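Here's the structure, in structure tokens; my notes come after.
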Amino acid sequence: MPPDNRSAPEPFAFSLRVYYEDTDTAGVVYYANYLRYLERGRTEWLRALGIEQARLARETGLVFAVRSLAIEYLKPARLDDPLAVLTQLDAVGRAQVTLKQWIERGGETLVEASVRIACLDVKKMKPAALPAEIGKRMSLNPH
Amino acid sequence: MPPDNRSAPEPFAFSLRVYYEDTDTAGVVYYANYLRYLERGRTEWLRALGIEQARLARETGLVFAVRSLAIEYLKPARLDDPLAVLTQLDAVGRAQVTLKQWIERGGETLVEASVRIACLDVKKMKPAALPAEIGKRMSLNPH
Amino acid sequence: MPPDNRSAPEPFAFSLRVYYEDTDTAGVVYYANYLRYLERGRTEWLRALGIEQARLARETGLVFAVRSLAIEYLKPARLDDPLAVLTQLDAVGRAQVTLKQWIERGGETLVEASVRIACLDVKKMKPAALPAEIGKRMSLNPH
Amino acid sequence: MPPDNRSAPEPFAFSLRVYYEDTDTAGVVYYANYLRYLERGRTEWLRALGIEQARLARETGLVFAVRSLAIEYLKPARLDDPLAVLTQLDAVGRAQVTLKQWIERGGETLVEASVRIACLDVKKMKPAALPAEIGKRMSLNPH
């Protein structure tokens, strides 16, 4: 996607396949299901940084929650398509993170999104500071 | 459905509509999504008995969980179809409940299921006795 | 929501309930599932205008597809919450429509979205002019 | 699972991960979502036999549809769990196929299912004979 990001690091890539469950009667992937793909991509990006969300929630009571999202649907994906979800760090704040994410099929961009994620205390559902170690890992491995 | 249940009480009926999200690229409702419909039917049956599951979980730590399910797919539902989910008590045990459920479109049965549900302590994820009051309400209003 | 839309017509309201299927292990509605709610709201808005999408597809080969979406997640919805999806026409173009949509619980806005929808020829998956009759109905009943 | 199937061939194994989208507010995988996992397992089993369902539908008008299913939920899966979906041919008929499927986490069986699948002419939604080549491939590679 971002052809102007010449100096940007390589995005993190996660591969998946389109199954029946993802499609709708128009013959394409249902629009909400791309958000499931994007979330899988973010989860695997975090895992690649050594962050398991189930463990994070258990040990610190912290979860990541999407605060806002803007998404462009450029071309539809279809049953059996092999897709790649690309994730790239845009900005790290005190209690939130902004990511660029896009989905490709054979090098062609199908969907582009900008996603703002907050760190939350799951008990209170209130913003919480991103643990320093996590912010550091993201910045050092910005993908 | 059950033509032999002559003496059975009226089943509990819940109406819903098929949306794009429910369908797949074969042009019909995706097979797993009928289980979502059945669960909505059970939830509204419980609500009609005065049982709100969110409150039940909060106040007693109890949740209902499906232990087993047998389902026949007779005819497909399609986009925009108005459906009715029918629920009928089959048996109430100490810690579990068996239900007959079926889904109709204009009087025609599309799907038939038998569902066994256990009462669980959500913290331990272990079987727990059904509260007496709930068992009583189910038996007195068997639908 | 939009406090500045004083002269705007009443939005179209569609009511729904949060079920287990909609929630996730963080205890709230999963972020992609609000898009399912928005789509149900749009479908019922179209139905109130006399437009059945399944029939439209069958008779004209036309479908509506989301081209872009911006969404803010303000507060989480939870199991058993009764929600209202509000839909308001923003603009009608030759081959696309822009809508404001938001989701409320008891008058409190949980989610706000702006959605751009295109009219597509489903066989070619290419933009098609919105049928004049449909554009007229939308403009006369802008909700 | 099936400890008595001593002479049975090795089941076909497909690995997946539990994401937020799969879980519900009880902290476990939502019961309908195991059917999505089973369907992914069947799709990959077919792909391993050289059968791509999207191509099959396009070239022959044939789809596979679940006619009945019996499932036991033994233990819950949770966020981040790595799971294996196991698929084993039970019987091949003229127009339908029966499979045993189960889901494991680290060798422990969480879910067991028996699934009957019919070959359908997607236009008429009527049973159709399984193409001889496909029946042969299944029988020779019964997994």
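In this document, chain identifiers A, B, C and D correspond to the written order of the chains, with residue numbering beginning at 1 in each.
To be clear about the criterion, contacts are C-beta pairs under 8 Å (C-beta built on N, C-alpha and C of every residue); 3 or more make two chains touch, one makes a residue touch a chain.
Here the structure is a predicted model, which is why all the values come from computation and not from measurement.
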Please state whether A-B or A-C has more C-beta contact pairs across its interface.
A-C
In whole angstrom, how far does the Cα centroid of subunit B sit from the Cα centroid of subunit C?
28
With chain centres taken as the means of their Cα atoms, state the distance from subunit A to subunit B in Å.
35
Centroid spacing, where centroids are CA-atom means, of subunit A and subunit C in whole angstrom:
24
For subunit B, residues contacting two or more additional chains
20-21, 25-28, 32, 36, 39, 54, 57, 78-79
Could you tell me which shape the graph of touching chains takes: line, ring, star, complete or other?
complete
In the complex formed with subunit D, which residues of subunit B make contact?
25-28, 31-33, 35-36, 39, 54, 57, 63, 65-73, 76, 122, 125
Within the complex, subunit A is touched by subunit B residues 20-21, 23-28, 30, 32, 78-79
So, in the complex, the side of subunit A touching subunit D is made of residues 17, 19-21, 36, 39-40, 43, 52-55, 57, 78-80
